[in-house]
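Single-structure report; data block below.
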Amino acid sequence: MSKPLSVLEEKRKEAKSRLEKNGYFSDTKIYVGMATCEIAAGSVPVMEVFQNELKNEKNIYISQKGCAGRCNLEPTVEIYQKDKEPVKYIQVTPEKAREIIKKHIKSGKIITEWVGK
Amino acid sequence: MTSHIHNQEEINKQIKDFIAEILKQDRPDSHLITVLHKAQELNGYLSREVMDLVSQEMNIPTSTIWGVATFYHYFKLNPIGKYNISVCMGTACYVKGASEILETLKEELGIGVGETTEDMLFSMHEARCIGACGLAPVAMINDKIYGELTPKKITDIINKLRKEEETK
Amino acid sequence: MEKQLFTDKFSYVFGDQKFFKKQKRIALKNCGLIDPENIDDYIYAGGYTALAKVLTEMTPEDVVKTVKDSGLRGRGGAGFPTGIKWEATAKQQNDEKFVVCNADEGDPGAFMDRSIIEGDPHSIVEGMAIGAYAVGASKGVVYLRAEYPLAIKRLQKAIEDARKENLLGNNILESNFSFDMEIRLGAGAFVCGEETALMNSIEGKRGMPRTRPPFPAVSGLFAKPTLLNNVETWANISSIIINGAEWFSSIGVDKSKGTKVFALAGKITNTGLAEIPMGMTLREIIYEVGGGIPNGKKFKAVQTGGPSGGCLTESMLDTKIDYESLTKAGSIMGSGGMIIIDETACMVNIAKFFLEFTQSESCGKCVPCREGIKRMLEILTRITDGEGKTGDIEKLEELGNMIKKASLCGLGQSAPNPVLSTIKNFRQEYEEHVEQKMCRSLVCEKLLTYTINDKCIGCSACRRACPAGAIAGLPKEPHTIHQELCIKCGKCYRSCKFHAIDKTSVAKEQK
Amino acid sequence: MNTIKAFINDKEYTIDSGLTIMQACDSIGIKIPRLCYHPKLSISSGCRICIVEVEGMRNFVASCSYPISEGMKIHTNTDAVRKARKDILELILDNHPKDCNACVRDEVCELQQLASTIGLRERKFEGVRREKYVDDSSPSIVNNHEKCILCGRCVKVCSQIQNISAIDYANRGFDTVIVPAFNDKIANSVCTLCGQCVNVCPTAALTEKNYTQDVFALLNDKTKIKIAQVAPSVRVAIGEAFGIPAGNNMEREIAHALKLLGFDYVFDSQFSADLTIMEEASELLERLNGKGKLPMITSCSSGWMKALEQFHPDLIDNVSTCKSPMSMMSSIVKTYFADKIGRKPSEIANVAIMCCVAKKYEAKRPELAMEDGTPATDYVITTRELAWMIKSAGIDFKNLKGQDFDAPLGLSTGAATIFGVTGGVMEAAIRTAYELATKKPLENIDITAVRGNEGIKEGSIEINGKEIRVAVASGLGNAHKLLEIVKKDPERYHFIEIMACPGGCIGGGGQPYSGIRDLPFDPKLVSERAKALYKSDELNKIRRSHENPAIIKLYDEFLGKPLGEKSHKYLHTHYKQKFPKGIIRKSKEK
């Protein structure tokens, strides 16, 4: 009986459609690190900046994420844009976040000096 | 004062309700630590009265409860200050100078580890690693983590909190 | 699912080639890539496929065999073969069994468990459900540190979401298998990382270890057969099920298969979490993944295994990271703390730090640990205070070896390791402290001499700070320290903003 | 039984399977040194003294808990083991005062004995010690933390045997202490002062409150008439303190020794035990006739009385109002007897020699005081304390000729003798109650249903066509269990005997440390003591309390009749709820 696997396949389809509804497949995706360590380094106000300043934007998906393990570079923010390589900003502050929105998200200009290598 | 008494009654009632729920489950005794967490959350610390209440409600001897409460660092047996400072003494923090931070705080606040200032403003504890090693040395004041501390930085933070209190 | 793994995705997403390229991410496969509070994200990324797979096409015996064949060993410290534990628990006949996740991450400086639960909580739920299926358990408990509020919140949400999706509860995914789990909070006791102490704590008691046998597989939580693994171990399970035992055992070396997550901390450029395949050398992880020692300082030692581990020196940097090699070199794998120590650290002081930790965390049940570690700490304290006596080092060794062999649980059995391994590798530093009353790293305050150099501008800050009245000098004129009055508290040094106070330590005449 | 083969010190043995290494070694005559282990209590393996080497194991193994298995190769006496044991013992002693000569347990200390066995000859470590703290708040038990080695036997006996849980471990690591809840004093805790913790303590951390100096001072006080009384179970245990095998009744030697110590009169608590039976049997019959609550529960055990007030206040009306034999005696001495010798009560001092430490507390109960507020019983000393006084006064106890107790309060029956053993009060009461009610002799006065070592016993007897159901519990843990049944089914029994100490008074908290080479509170020892009491009963010509001529005379001359006005005044009392309220852990079901 292949029941559980097929049940899960159904669930995966449902999950996908829910994600879709929430904008998961937008052209721009922003991931802000929100683990304890990231929060300690100041990621909550950074998240707030992205959420507040982009709340009227369509086709942008903002999500939290766990810690990838790069403690001394936190808070980190990744920007995925369709057909482009992801960009990781490190040691992001609210001020930097605003700049990132202005230059990178809205004008497509990566701020290379803030990008982790 | 009446408001305080009323408040205590309310706290006791919440603890009782919480225990009543626990007692419906399997092996209720095993939830003692859960209940003590809840009681501390509601009451601020584990007072004798609160532990007595837990004992009567859960049918666990007070000596057992006292044994458990004194075994675990997390349980506070005395009222704690408005600002509860936990200095992380994890290895990463230690290697990067956590003991200097602790010494500075002792001097600045005039209290030792586990103590509370007379004005009930600050309590100080040593914490095990709070998992912010990248920012070592760190301290947690209530829920907020302060990283990359230096003796000067921590003194400034304390003074800032003091000022805030004065202006209130 | 493709076997080509996660690691590439990490370097793709994060860049950071040097840090990620040498890693192999299995336990951390989703950490930093998905939204931990969204079950859809996990399911969409392939989550719960392993659970569905075992429920669909594997018998419990198959699952146990797969885990056994994979060569996975416990990631919490001792490195006991996981499959053997599973087999032993599965073998027990009992109407009630438990699976337990040890998330009482206690080693100071290790935080991979927190990171996994905060970054990928469903991997634990899924791993435990698979384990429960394999051993015939219907209840799971995660024993989680109360100091990790965010992890508690995320795991709680994961459990609730999984229940809603029928990934926990009765007849999971319409199979005959039912399983549910709950979180129990610790309350701040390092010893509760020891499995029997942990079970006592879940039972609401003082977290004191029990004697073994009986082992948990026979009589564990509530005296029922219990399968207990740590967070990182559970996080490996779904990948092993999906990719097979052979795939997992192809990673790593000899008796140590797969990967291990290390928390890099201390004097290292890239602090953080790195999951590396077993068999990598210490040198590779420190200098390549970790980026070496910052500020141009010299490497002195690497401490692995937390308070139960040991310190390894420069000459041991080519040691491979696997259970046996680390043990042979005089340390342990432990839960994966890796503290890099540079030349500014005093090894006697480091040993004292770890011993202070274990001494304050001893539960007090058995004599060797309760009384013995206290005595060792007293001896170490007097050594670092300049009051060491000839023979003290030998006493430390005698006590340390006895405590290791006679203590009741793993805490006591390993507590002397940092002392014994530093005596072994840095005996000269100990001897300098004892015989010459000198600390070459300028760490042990009582062995220092404080003097004022010509940077002094006469601000008097040090004079005011000195509790012994040992500093004299007129305002705006260079001050001096009267050595015979100095109590070596270091307050002047901390109070000076002009780097005008020097610390030195020189060999005193031998008595 | 299945057997296995194992090697102990290189010799092969066939051993019953299912044993621990320690039990296996015991069975072949090798006694591994041990400290925290106690066969009646759960095993914690904390002291690590009993470690052995097992081939193939990296670490030492605690023999008390490790099961022996087929082919195991065990070494109990290698250099490594001996050295480690020495180090461990030294660590214990480093945190223990070095005042053995000034210690009340000098020469009867398990720790001291162990040091000698292990051969500790040098001290290497030293360091800070546990803080000095003495809790002498209660009149019965003193807790000296400085001498505590945290073996935990007291905690276990208090929770596992007595189900009182007055004390537990608190704090942790080096700061661990054993204390009542909230670091309270014993006097303010739920402790019933039964003294079982004292019995199992290997050191002087828990001892009775010692009144020997007061008693010596009293004996030198020429203005007082000094009167001693001796409890039944003292006489069958005191010999052990002088190396006389257990199970010898030394009552004549005790009476002689007390005279030599300077007591003016030496009376027997067995006399007042007979008196207690007169009152209690009558009270039972009254209650059976509808006057008062049933089941009636005995009241002579002081530890049980404190447990009643703190743990079972709802049963206060079920408990007999009779004072204990000790308090009856003191009362009668200071009234009836004082009159007889023409002295004022204030000129008389009563010293009770008891097997019990709770009796020290009973003596201080205000409700038992004389009319002027002074205590009826001036001092209570334990069997242990008396043994020490005898030694200290240079009395050659073993070789005393012996003498009788003084008349008239020294004459007793066999029924009174068996008060010292669990079931004895019940048996004595039935003998009298039956005959008082039926006016016929009881055919078989050995009521075996209530004899024996079991914690809970039950039986029944027909009195005037009515079945009287009785139950007996010894040890407070068993008492709680029995009372749980009673609370659910109040009709089940008519009469219940409860003794706080396991085995009854012979297992009391004041009995001699039962030979430091053996185990304190050894069940075998307790049954030897019991046998001696039953034997004395058997040998006594008078075996029914109501046939004691001195008792009959006492009623004639002074009291009138049982439950009469004077009886109520001098022989009965009352109880009331005390705090803190105790918690009884439910016995585990399933």
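Per-chain numbering from 1; labels A, B, C and D assigned in written order.
The working rule: a contact is a pair of C-beta atoms (placed from the backbone, for glycine too) under 8 Å apart; a residue touches a chain by one contact, two chains touch by 3 or more.
As the structure is a computational prediction, the values presented were derived from the model and not from experiment.
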Across the interfaces B-C and A-B, which one involves more C-beta pairs in contact? B-C
Distance between chain centroids, defined by C-alpha means - subunit B, subunit C (Å): 24
With chain centres defined as C-alpha means, what is the inter-centre distance between subunit A and subunit D in Å? 73
State, to the nearest whole Å, the distance from the C-alpha centre of subunit A to the C-alpha centre of subunit B. 34
Separation of mean Cα positions, subunit D and subunit B [Å, integer]: 44
Could you pull out the residues of subunit D that touch at least 2 other chains? 169, 171-172
Listing for subunit B: what residues touch at least two other chains? 67, 71, 130-131, 133-134
Going by residue number, subunit C touches two or more other chains at 111, 114-115, 148, 189, 206, 271-272, 363
What is the complete set of touching chain pairs? A-B, A-C, B-C, B-D, C-D
Across the complex, what residues on subunit A touch subunit C? 1-5, 7-8, 11-12, 15-16, 18-19, 24, 33, 35-37, 39, 63-73, 76, 78, 80, 85-86, 88, 115-117
Applying the document's contact rule, which stretches of subunit C touch subunit D when the two form their complex? 189, 206, 211, 213, 359-368, 370-372, 374-375, 378, 395, 398-399, 402, 404-408, 413
Can you list the residues on subunit B that touch subunit D in the complex? 48, 51-52, 55-56, 59-67, 70-71
Per the contact definition, I'd like the list of subunit B residues that touch subunit C in the complex. 27, 29-34, 36-37, 67-68, 71-75, 89-96, 100, 103-104, 107, 127-131, 133-134, 136, 143, 151
Within their complex, subunit D touches subunit B through residues 159, 165-172, 179-183, 189-190, 580-586
